[in-house]
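Presented sequentially are two complexes of subunit A, the first with subunit B as partner and the second with subunit C.
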Partner chain A sequence: MTLTVGRAGPARATGQHGTRRRRPSSDARVAWLFLLPSLAGFAVFYLAPTLRGFWISLTDWNLLSEPRFVGLDNYRDMLADGKFWNALRITAEYVVINIGSQTVLALAIAVLMDRLTRSVLVRAAIVVPWLVPNVTVAIVTLFMLDHNVGFVNHVLELLGLEAQAFYGDSDQAIATIALVNTWRNMGYTALLFFAGMQMIPRNLYEAAAVDGAGEWTMFRRVTLPLLRPVTVLVLVVSVIGSFQIFDTVAVTTKGGPADATRVIYYYIYQKAFNEFHMGYAAAMAATLFAILIALTATQMRMLRASTSDLR
Partner chain B sequence: MALPSLTAAPRRIGPRRRRIGPGRILAWVALAVLLLVTLYPFVWMLRTAFTSNRAIFNGDFSLVPADPTLINFSRVLGHASAEEAIAAGGSGAQVDFWLYLRNSVIFTAALVAGQVGFSATAAYAFARLRFRGRDALFTVFLAGLMVPPIFTVLPNFALVRDLGWLDTFPGLLAPYLLMTPFAIFFLRQFFLGIPPEIEDAATIDGAGKITVFWRIILPMSTVPLSTLAVITAVFAWNEYLWPQLTGKDDGVRLLNVALGVFAQSSPTSSPDWAGLMAAATLQVLPVLLLLIVFGRKLVNSIGFTGIK
Partner chain C sequence: MIRKSIALLALAVSATACGGGSGETPKAAEKVTLTYSLWDPNQLPAYQECATAFTAASGVQVKINQQGWEDYWNGLTTALVSGTAPDVITNHVAYYPELAANNQLLDIQPYVDRDKVDLKQYTGDLASLWVKDGKRYGLPQDWDTIALVYNVKSVKDAKVDPAGLKDLTWNPTDGGTFGELIKKLTVDSNGKRGDEAGFDKSKVATYGWGLEQGGGVVGQTQWSWMALSTGFQYLDKNPFGTDYKLDDPRLAQTLTWWQDQMKAGYVMPRQEAGRLGLEPMMQTGKAALVPDGSWRIGTWAGSTEQKFAFAPLPKGPQGRKSIINGLAPSITAATKHPDQAWQWVKFLGSPACQDLVAKRAVVFPAISAAATAAAESHKAKGVDVSAFTDIAADPASLSYYPITGSANEINTEAQAVIDQIQELKVAPADALRQLDTRIADILK
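After this line comes the complex of A and B, so read on.
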């Protein structure tokens, strides 16, 4: 999924080109040659597995024996599976905490950078956690948040507060993972917002200042409304990403304590590769696929309704 | 040139600059705090990598370790004997760092070369060549972005297993090597921005489409191509789900996967924090190197395009 802030107009370029087409037959030969590797990659590793995934979801298959067609049994089992619903609920909780905090913090950072500094150094520093692999982030935060020797608890105790178990407490674990990933992604998301803010004409701020508007008013009346298309696109991309939380869970809590962090991705993974219920796992993955499409469609509708802000 | 500008336009500061009031100072403080929160865990990681496990469990929180040591690095790199390692609080487990680094470098380099190269030709075909079904095919490719990876991982795992490619580089690379919808979409955007007149001039001079692509389009596109290469490299370096599933064998195990295994082999009662932080430091170093070399390009390109 891509967020484009550039000005390359696809309609313009293709439209112009259409009128000056020459030798279409030779084009086609070169085109298919150029497309061959990608086409093969797409057919074998995207299209075929997508179709096969739906087929697997209709079978009982443990990876070793022949798959046995069972119709919609997997989906029926899934709807009756408390763990499935629990996984969905935990994932939703994760997405809400993660996306909520991440969006607010990223907007704050973007506004601060927009108003204070153009420094590439600041922008590079803020994006460092995003460049570090999830596995490394998981290990480093596992240590930072350790109950006994973690730095965060050290600070809490200096402040006269009680040490927390974070990853180790079933009431805190999913929020901890959500906030760790907020920490990892907020700088990156801030850069997306920042880029969007550079497209807002500066004279609007000057006019607002002449009218006596303060920073807060400018943010609410100028920045936020004009940034809305970018905001919606960023949300679409980050919500889809957020639903796919896996790495951090796999390295830190493995779904525990007491299933408190068994998100849908992790549950699918466990069903498929620990228990070898491929059909059941595929049914859940297909359901996740459907949820993501529905969510994206909803968000895209919001996007289309909001593209006219900058004339 | 009508290429979309990659660099954020420098802004005039003149008339908009305000007096330094309390609000502005407060804003700077807020930004400084956010930067500190962003970077401090890495400072702490680095500091801990030079601290002994004994000092950690004795509750030493000084920023500079009282008794700095290199034992953690030599343990992780396998230069310390098993007894030394266990005495220093390790499990005796080692990370065969150089082997895994080699694997990660092979994986990343192959993935970047394949994906950028094959996506470039495909993106050019979608942007400039006329053929029947072009736009429909492109839409289908884009739809590939919507498929959650876990959904294709199940059949892809079965496929790679049936091919006998588990624990081999071909198996590790196959799903990514030939294309990703994102890479094609990304490059197509740039190719669309190149004025067709430039190609038309070459075509009139008798150059074929392949020549135009090689001699004109590619040389003009070094910026987007290298930007995509950097983004792809970051992605490859970060990839975990698929490599840990299909590359368990030492000969193809990636650094990322090895680090996860190393973390899991550490005893939960008294984890080998110092060793883990040393290993994490070694994992972060190449990323920092990338940031130092490509920092400006990377940061500006994030402005242009966003991936998950």
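After this line comes the complex of A and C, so read on.
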């Protein structure tokens, strides 16, 4: 989507005629004026809290009494905390299952939509799960997947299979949460892919068909490579979102059973608001921030996000 | 809804705060509105009635704010920080030490002395649970104990005489008559009972003993009564011990026996217990018996699906033991109206309010006479609650809820280990020894 703007935008148009001219300074002033509202919002609601968060991570603070400066003690404690590493490992497990299944399914849905139907009704229906709030999804699945009264287990037993514990078993819980969120998000992700596919010129498919390519070859040789910038965008956004898994855990398992779903965000939350170790929680949040930045940079680099094969 | 009411509440608090600020000298006509918070929706009507009676007597308005357990405690901390906390809060022994240590609660000892409140009117030793370093942070408003809840039909089908359930025994070696009972109550899908030959533990239709998840380091309904009946004590001293005794071999022995019953198929496995609590498994007949707290008497007695009844806990090697615990109203330190708040707290702890609570019989009021009245109200409805009240009347059978700082952190740590024991993944003795070390670190 950003791509379309980039190709047809005025910046590109002037660039095509040889040398770039410097903009008159009055333009810059107007530009800054337009940016001001969002810059102010960024400074007040993002930058300031982030800096304050870093400061809190250097203190020992329980919300109720005055913060005490402790330097890097929180970070040192964190590195020695088995629960912190466990939380990172579980979060990674969640992200791999969630992003893996969600991306594959979303791509499949998008291709089906692109190749088979352009119906607005189908497109709308596919994002319905995404419109249901996470907490609602969590509560509904908590009942549907319950061992004693759950509908899903009832169906499994009708099919002659054994009832499963899902959220209640430490071996299944994190995968259950990941797949529930895959179900909720895949329609929306599919829509993003679908939008990206609309930018691929139709004549490429016609040419490929003339050359004797089947659907699978067309998908591999045409759709996938040309979809790459969109894929990067979708992956970056959904991986960051996936790392922030919290609500489903908070509603269904609360980090249990036996720590099996204590993802990093839930652990941060517990430390901050159940156990009142604000400094320690801020240190973990700062670390997560660093991890996400590194991860995003790697993703952008590996998938060459800024270049498109469509030239 | 909740958020909206908090906003309204905050508005109300700031409005009254402004009113108080303008007239420093207390005027007789000044209209004070106190805010009071609680978490149990079942108790709301009873305390609303108290509030109405209190307003009629004193002219002070009370606005009650109810939120679920978790929202309640998370919201309280942020409200304290932002200065919008209620004047009086319902407090729990697991939470008040931390609040008191951070100077968020008002010491009511001077008021208690001034008004000569009779602390002996309260059941057992409940009043002293709220004293920390010579300061008092609450007056007891109710109490709870543990007893067995059983499905009357299951017991009849097992050809067990309900009268015999009053004298069950238990020990961690062979389980006593309680161990026999849960075997008998367990039925597999072929109709074979747990004590019969050919019993298939992989196809159990009804478990003799239900399982409630959670419980943390205390296991109040789950296992506390077994461990305590062996002579086990949670702490070096209570309240405010600094050393949890989780490496006590008697605790390991107790939890090992419990785990053995799970392995044998007499206790509902953790995986099947689900996160919806005891109600679904008992109502659908998947479990025949569970130990449970008196705060849920109404749930069981009011069931229309099944008929449930109560039986006293089994007698262990050291006799019958139940945790007794109670709630109390505390005044927040930042209140603008400490005198009126104290009037309300005193009223909550007085027969005038507790008799009203007793009539509704949602909890047992802290005042002994009112508790008896509550038991009478139950009896009038045909519910025998003596399993809960008899044990409360016997000081030798009572053990007080373990009170320490950092209770949340300790519970999180302990819950993971209890989960692993229930999933049959660890041996209790080793796991408890490691847990004991970790908890000692937290309390250091």
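Some observations on this one:
As a working rule, the second predicted complex is superposed on the first by the 263 of 311 C-alpha atoms of A that agree within 3 Å, B and C clash if a C-alpha of one lies under 4 Å from a C-alpha of the other, contacts with A are read in each partner's own complex, and residues count from 1 in each chain.
As a working rule, contacts are C-beta pairs under 8 Å (C-beta built on N, C-alpha and C of every residue); 3 or more make two chains touch, one makes a residue touch a chain.
This structure is a prediction, so every number in the text was calculated from the model and none was measured.
Taking subunit B and subunit C in turn and counting the residues of subunit A each one touches, the greater count comes from B. Once chain A of one complex is fitted onto chain A of the other, the partner contacts of A:Leu64 are limited to subunit C, with no touch recorded for subunit B. Of the two partner chains placed by the overlay, only subunit C lies in contact with A:Gly256; subunit B stays clear of it.
When both complexes are overlaid on chain A, the residue A:Phe273 reaches subunit B and subunit C alike.
Shared-chain residue A:Val149: touches subunit B and subunit C both. Of the two partner chains placed around the shared chain by superposition, subunit B is the only one that A:Ala125 touches, whereas subunit C remains out of contact. In the superposed model, A:Ser170 makes contact with subunit C only, not with subunit B. Looking at subunit A, you'll find residues 63, 142-143, 146, 148-149, 273 touch subunit B in one structure and subunit C in the other. Touching subunit B in their complex are the following residues of subunit A: 1-10, 13-14, 16-18, 20-22, 24, 26-28, 30-35, 37-42, 44-50, 52-53, 56, 63, 105, 108-109, 112-113, 115-118, 120, 122-129, 131-136, 138-144, 146, 148-149, 151, 154, 183, 186-188, 191-192, 194-195, 198, 202, 205-206, 209, 215, 233-234, 237-238, 240-241, 243-244, 246-247, 250-251, 265, 268-269, 272-273, 278, 281-282, 285-286, 288-289, 292-293, 296. Only residues 73-74, 77-78, 80-81, 98-99, 102-104, 213, 270-276, 280-281, 284, 286, 406, 408-409, 412, 415-417, 419-420, 422-423, 425 of subunit C touch subunit A when the two sit together in their complex. Against subunit A, in their complex, subunit B makes its touches with residues 2-5, 8-12, 15-16, 23-24, 27-28, 30-31, 34-35, 37-39, 41-42, 44-45, 48, 56-57, 59, 61, 118-119, 121-122, 124-125, 127-132, 134, 137, 140-141, 144-159, 161, 174-175, 177-179, 181-182, 184-186, 188-190, 192-193, 196, 200, 203, 208-210, 213, 234, 237-238, 240-241, 244-245, 256-257, 259-260, 263-264, 271, 273, 276-277, 279-280, 283-284, 287-288, 290-291, 295-296, 298-300, 302-308.
Interface residues of subunit A, counted against subunit C in their complex, comprise 62-65, 142-143, 146-150, 163, 165, 167-170, 252-253, 255-259, 270, 273-276.
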